[in-house]
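Below are two complexes that have chain A in common, paired first with chain B and then with chain C.
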Partner chain A sequence: MAIRVFHFILLFLSFTNLTYSLYEDQVGLMDWHQKYIGKVKHAVFHTQKTGRKRVLVSTEENVVASLDLRHGEIFWRHVLGTNDVIDGLDIALGKYVITLSSDGSILRAWNLPDGQMVWESSLPGSKASKSILNIPKNLKADKDDLILVYSKGSLNAVSGVDGEVLWKKDFADESIEVSHIIQSSDVIYVAGFVGSSKIHVYGLNAKSGELLDKNHAALPSGTFGELLSVSGDTFVVLDEMRSKIVIIHLKNGEISYNQKHISDLTEDIAGQAVILPSRLPGMFALNINSYVLLIKVTNQGELVLVDKVNNGAAVSDSLSISEDEHAFAFVHYGDNKIHLSVKNVNDWNHDLLKESIVIEHQRGKIDKIFVNNYVRTDRSHGFRALMVMEDHSLLLVQQGEIVWSREDGLASVVDVTTSELPVQKEGVSVAKVEQNLFEWLKGHMLKLKGTLMIASPDDLAAIQALRLRSSEKSKMTRDHNGFRKLLIVLTRAGKVFALHTGDGRVVWSILLPSLRKSEACENPVGLHIYQWQVPHHHALDENPSVLVVGRCGPSLSAPTVLSFIDAYTGMELKSLSPAHTAAQVIPLPHTDSTEQRLHLIIDDNQHAYLYPRTPEAIDILKHEFSNVYWYSVDADNGVIRGHALKSNCVQEAVDEYCFDFRDLWSVVFPSESEKIIATMTRKPNEVVHTQAKVMTDYDVMYKYISKNLLFVANAAPKAAGEIGTVIPEEAWLVIYILDTVTGRILHRMTHNGCQGPVHAVFSENWVVYHYFNLRAHRYEMSVVEIYDQSRADNKDVWRFVLGKHNLTSPISSYSRPEVIAKSQSYFFTHSVKAIEVTSTAKGITSKQLLIGTIGDQVLALDKRFLDPRRTVNPSQAEKEDGIIPLTDSLPIIPQSYITHALKVEGLRGIVTVPAKLESTSLVFVYGVDLFFTQIAPSRTYDSLTEDFSYALLLLTIVALVAAIFVTWVLSERKDLQDKWR
Partner chain B sequence: MDKGKGAMGSNARRWAVDFSDNSTSPSSRDVPDPPGFSRASIDQDDSTLSRQKKDAESNWKAQKAWEVAQAPFKNLLMMGFMMWMAGSTVHLFSIGITFSALWQPISALQSVGKIFEPYKDSRVELLGPKLLFIALNLGGLALGVWKLNALGLLPTHTSDWVSSLPPAQEVEYSGGGGVLI
Partner chain C sequence: MPLKSPFLLLLLSLQLFICFAFAQSTTGSSEGYTIYGRVRIPSNFGTKDYIVPGKVSNVKVILNGGQRVTFLRPDGYFSFHNVPAGTHLIEVSALGYFFSPVRVDVSARNPGKIQAALTESRRGLTEFVLEPLKDEQYYEVREPFSIMSIVKSPMGLMVGFMLIVVFLMPKLMENMDPEEMRRAQEEMRNQGVPSLASMLPGAARSN
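And then the complex of A and B:
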């Protein structure tokens, strides 16, 4: 019947569109790409030369980048691997950017103008230690300059020209924690602690690395924190009580020290002191409570308190502005402004610069500040400051104004959800984005010209520009097709952004007050973001809201933070700091009368808490009490447990929103042979169109569609590590498909000689997973489809004609339906970072797998390639049904990269959201970069393409109507003449 | 079929003069019949003539009706040939042919009374031709339906009924997973 016609159409489409691809001029129409770098750790300015002014930065996302100082654009950027953490960044020889990364084991030099790598040295070592990069600061580039790197327990002298390790001195046996390298012309002093109170100094020959002398001294007490260099040979450190400052002098290898109580310097401040790591010549900054003390170290080793700043924020490193003048910047807060002062180190009373800047409240406090100077036309010194804010954004401040800012918090997206935009209402003016009729006509005339190929190159450019900045896609109201939405992202900084899907702009952002560092909350982390309220039926007047779940610290027992945010305005509606912890958050499939979704929060103390805390929610839960289950995966012990709610908590304080639960079942995997490495479930909001799968011979297979399925991949314990550490005989992969209500194992399969990492995606009745086959030395992808055998005998047509079947009546997992699984495996070329599947509004459109490859691109692969029904020689009927002949590997068609020519650096996740238009799915890819596009796995069969020429259609209709009229008049006239004859 | 109607039908005569005086009783006449003239015999003669005529007409009508009734047979053969030519895959041509094969018999069946109206006569038995006509058209319809089925466009399989059945709702709900990190 109709299904056959549909198949035929699909077949037709699949021949014409085996690959998803787009034309060159379609780039940027529906997609956008944003480049970020992450939170800046180090910044080095390069402004000496007259050429382009730039700043070199390394970030917490392991990015080395060169930014334009004028506009903040990226000149070049390199994203190092996730394990390749950058420890040091500097400029050598005036032309190379040197980075030290991977715990000090890799030293690289990048060409300053274009970012090409010049050389790379690996500095192996066995001992883990702090790594120090020391590059002599000579204004004149000297070929003999050495780069000194202390890492992995040894000191390496590396030639700056070619990266050759000239000499190496091993300190691994000395049990010394080296903290400073002091370089003079021919002797290098290495200072460090043994234990916390013994200071050792080694003198080395700068040319050969020979040990010249060795000295040590014992301090009267232990020390706290890092040793800070004040001047060439003077250091300060706090004692272990944090009440005294110890000043250490290393004069030609001789050690002398004296100490001073902090209370001697200032009497009215008490508290835990911390030395700020800013390098200032002859000075250091001490942070006590909210005060910053600036203390000068005189040549005699005496400490003098220079200034005391309340609400101090950050102190920069010093900057040498002339031969013996050093300047540094510090900022403090006051009356909603940020006061930036640049001072000369030697001349305290004189400000080189004093500015007040208003910075958006949503950026939080200043985390770091880097200063740079320039010479004004009147030969005075001007200063610019690069500020790293609490929300990880980067600002450049010059002459009291923010020259540019970068939202680099978006480089560390933690979780994503979406929200609809407001409905377009009467009276709500959207006129400013609306075009007038004339422009509309003009645009369509241009398009018509393009269609008729009579457009000039200028016209073509105008058409392209018109298409790219179509105001239609960036409106702030809901559209018919559901393409316009808000992407609500939570970043690691605890900031929530709403991005418009049309053009990727930030609609609102909020630095959650509850996720900011405070005394109650030491290390706040945002964990997840949930859709809290999605009004669509009877609560349309209310704005949708999202729930952000956070925790004050990395451990499970840290207090929970819940924050509710209005999705339209970005205001925090309320925030809660409940007494319980949050180990799991379970959104339930029930909503209350205001469309607030019920959530269960499970703490680490075997209790479940219901949110929202309203009597109505209790009623709803009571009604569904016996049908709510949950499961927990304990990967360390290899156990999966199932639980059900039991009763209200038995506690001293009565809390009717708190529930106890009982354990129902547990699946214990043998720890000697299996270790859980991956689990995957279906997306809770996925829509499935049909439960039947029609075979070529009109036979029907019933899909086993259950939301309560869990895919578990277990590897051999030996093979849980990296690829290449075990032989194939020792490696195996066991996959399970479990029912999480009853704990029943529906399917189990072993892949011998295979190992992880496993990436999986679960949708409808199938799961696709990716792993490594050690025997074949290739990656593989497998598909498992589960079918319900207990429904298979529903074959009588008359029962369907009369409606006497029970296929749509509710089913229970306890009915234990008999299932069968079909599976097939294929080789796949790439290693994979993430797999996701397209999702559409009704689930009718065929599915595509979206594979985030190791090259940081996203490949769209038709699910038809992963179909257990594929055979080597499909019959004619099977071919008509769209079954592709079986091949041993999955094809990678270059046109089917949905990221086309772009890269989503540091790709971490893919999110798909259905549009209202059934054919289309919205895809958001995040990593260091952000990328968004729309894809239509079966092409846009339900809408006209955006380049459809309405003008041509209109013109055709007008022409036809005119022709009809003219011919009618002519025929009338002819009739009249005939009659007169 | 319709052409013979005007010329040969019962309404074809425009005028008539009755030469025979139908009154048989001699008493009503002023003039007695001439000797040797038998009024009764003339009457007899005239009625046999008209009866013969009517017989011929009804025979002709019956024959025509049978012809009309058999006409769909040719159509049927034609249709069969067309269907065979169209093949068994679904495309515009085969769908068009199949639907015309379905439409023709249906429209013919709807107008069966109209088609046989010219041959309506009290003495012509039209039931036989009508039944044949209907049977042949039903045959044509059956052929069309068979073709439709051969194209797979009839909901005769389970798959046609379940392909849009939404998945059954689940009674239980289970959520959870690993610990939030």
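And then the complex of A and C:
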């Protein structure tokens, strides 16, 4: 009976928490949200006389944003689509921000103060070409002044007021690569190269776009790099040997040129020259080796070397500070400092500003610099510089100090792992953290007032501050519940950050030297981050460490770089640049005596390399040699292969950590009808609590739980592209569930009239995937659950008694168990960017799917909505079992968005980590923004909620004690009276 | 479960219309057509007032699951250019509102003919006006304070039970016949089951 009652209570509880829900005043208690913009590509300062100081930026994450110059906060921000790359940014009419994006085919105007889009123009064209946005500086609200855009092989004149295309001149038929637009009052000159040595100039009527004249000249040799404009009609370019500078004059459409050897300017420097793309009036900057040469072009077309800077870093564009004065900034390194100088272009000997700044070493070199001026109270010019650093962070420097900095590298997270915090040491006093009893009681009295709704607004504010301030959550030590951890994230810039889960602050960061651009490694990319050493049983005195795997360049054959980082201090322990490549990294389920995890790195030459390179690791691997299996997916050829280790490498140099491997099996999909579009496996560290699943009729089903399952989704080759390109008859989706040890196909299913993109998540014995149904023209989600039939006989009690059960028989992939799969499909409203499932410490808590929707929100959906046992009319017993009546679509309950009223702009991934407390799972969502929260899919049944009122409990106890005394006294008195009677 | 207070119901009754005005491509380029549409968010049910969409939040209009993203103009209009013929999906992402995805058919045979239908309700958009969907409340609404909530809380139940025991039990005891009571107690003592009555100091001593 008691069990029944307990069952009912559980049932009641489980029914009440189909939604993950949050009260508005709980925002920020367990979650944090950080907004970023990404690496700044272009910045335009806007200094209004009204005093609102802003800078407009466009970034590599396709963000247009307006930032506050005082604090670096975001005023407004728009994240454009993933393939809507911003090519140009400028201010027009003093009130619009103009962006040119999507290879110059979309021109948008945004309102400067609030970021509302004002107009949008499409500039179609057929030819792919460089896109140029040209906005005359004195553009007034007049139809006659134009925004000139060269894109897709044609020149468009667009009205700045409403985005109307006034005229268009097509250059697609000419083979010209337009590189410059020169605008004068009546005539627009368009200059560009045909091939690499012929320069063409077209003169167009500014009013109508009519072709007025056409001119061309052949240069004596080919050219290297881009044409750079020095003044209105003078250009410089390097010749193809990169040893001569060619100066080109275009006077009223006439072309003349002369050239000069770089060695004539300076004798002592030789090397490959590059013209820096900074626009300076009458000057240009040339980079040779580590030197930056600043060269002035005189009116006669002569070149004069003005300055030579060693360790030059970056040169800004020029800035007009008064009628005919132009200033620009350049930075160079020296004595561990960064020297920033602002100079007047015309008056070289005089520095407008000279400052030295110390910038954190971990920010790397300066990538770009943008300079802006302001007028001080004494009417002199002050300058501020916006610097984009190598780690993609953004700094504002003013008066020799860093006014603010933004860690915008965090907008491009590549991979995430977690680390435990240090155990609390004896020496650290807990009492320091706890307030005294009075404070504590006061806090709880306030809370009580809050729950009784008798708190005044001041009290409410105090309560909110008290809750948010809670020092408990941001301590730097491990807690009992496992809520405090370090999130270690690898960013695209090659910087590794450790974020505290309590408040999201950066605990440490390191710009990995191995992932910085160097001679040996031209385009380093960080690939993955793994937990390398997680000390818990042995070696507790050692710090945990992580492994970062990177590659020099995007291709698989680029050399590998490995880096080991201490997770507590953020120091690089060591870095390796092995001779082999890294096509795949496999963390093995074995650790050595110091708790270092064994990893196999597979290269592209059919070799596997063992890490760590210790004899002990070899011993462990030798012992488990025949138990190491992995698979590889060749999506281009539609083949999935299974591999196992064979023997040590046979090559000249003996390397005992190198192994050959053999192909065990391969599954070849018919290329004419199927193309692999998605694969998914279970998380290797997932914990499953029970294998048995009790059905409604007290029947037992055994989940088929194998770590070696692979979900593969194949689409019809025609339907492998995007939605809107195929008809339902040409599209189908075939899903497979494979065993990766034997290559056996456990389940195969075809969805006709469906196509990708497929997003899937695999957990325990089930897989859930999201795809597009073309017939219904809606998204669908399907669930497949796999059950082991060979264990079904164990239900018989007599077999247990007679010892004929097979429960103790080892589970092997080779045993070919009989499995059955159950599946069901449902409609789902939104497009999906990522799916993840909650994970808890012991796997007892029910699961929730976390769905990152196209609106950049994360929806928590109970797994019970995706249960193949759902029927339209569940019986009473099934209802008691928690089976929800079948509906054709999955519900979207707004309260179950774990991101509540926030957006994680540009969402790319969701990571779940179990806390030590069984009920709770930690969720980290990354994209352009970062978001972290804790969720309890079945509510926090194992701990008191944060809302729990201790004051009420105390009050109750006091009241009860008082009541006991009162009644005792009363009863004594009554007793006495009775006796007297 | 979400508790629907009158306030919430009022908010839920807030409706929204999406208004799609499809026009065919005027440029006549061979590669694609233009889809024009409009998003309107009414400020309240029954009135004809509309919120300026730009003021609501960062509204995005998404074609084919992220293939292209566009934004709204101040008057709520948006457009996708160079869309090839075929069947497409348009989604609107606006924080605080639930929009149904829209199926858009761009006809190839009948150049420029564009049809639209809501995928959630499978209703065609002939009049370019959608039935109101709902707005989204991301937070639970706190119940206002009531005595019942205190009574229903575990602590309240505890106090309540104590009060019942303290004040009602002696009364029950008093009303009992002393003879019967003694007999009952005898029985219980014989069975060796500790009774509640014997644990109560007053009741135990009263006989």
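Criterion: the second predicted complex is superposed on the first by the 912 of 981 C-alpha atoms of A that agree within 3 Å, B and C clash if a C-alpha of one lies under 4 Å from a C-alpha of the other, contacts with A are read in each partner's own complex, and residues count from 1 in each chain.
Operating definition for what follows: a contact is a pair of C-beta atoms (placed from the backbone, for glycine too) under 8 Å apart; a residue touches a chain by one contact, two chains touch by 3 or more.
No experiment lies behind these values; they were computed from the predicted model shown.
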item	value
Which of chain B and chain C A:708 touches, first, second, both or neither	first
Which of chain B and chain C A:872 touches, first, second, both or neither	neither
Contacts of A:423 with chain B and chain C, given as first, second, both or neither	neither
First (chain B), second (chain C), both or neither touched by A:901	second
Which superposed partner A:584 touches (first chain B, second chain C, both, neither)	first
Chain B versus chain C as contact partner of A:650, first or second or both or neither	neither
Chain A positions touched by chain B in one structure and by chain C in the second	none
Contact footprint of chain B on chain A as seen in their complex	1-5, 8, 527-528, 549, 551, 556, 582-589, 600, 602, 624, 627-633, 635, 642-643, 679, 681, 684, 688-692, 694-695, 698-700, 702-703, 705-708, 710, 740-741, 794-797, 800-801, 807-814
List of chain C residues in touch with chain A within their complex	1-2, 27, 29, 31, 34, 54, 58, 60, 62-74, 79, 81-84, 86-89, 91, 93-96, 98, 100-101, 103, 119-120, 136-142, 144-145, 150, 153, 155, 158-159, 162-163, 166, 170, 201-202, 205-206
Chain C-touching residues of chain A, taken from the complex the two chains share	15-16, 18-19, 21-25, 27, 78, 80-84, 105-106, 108, 114, 116-120, 122, 124, 451-454, 722-727, 757, 772, 774, 776-778, 829-831, 833, 854-857, 889, 892-895, 897, 900-901, 903, 952-953, 955-956, 959-960, 963, 967-968, 971, 974-975, 978
Chain B to chain A touching residues, read off their complex	90, 151-181
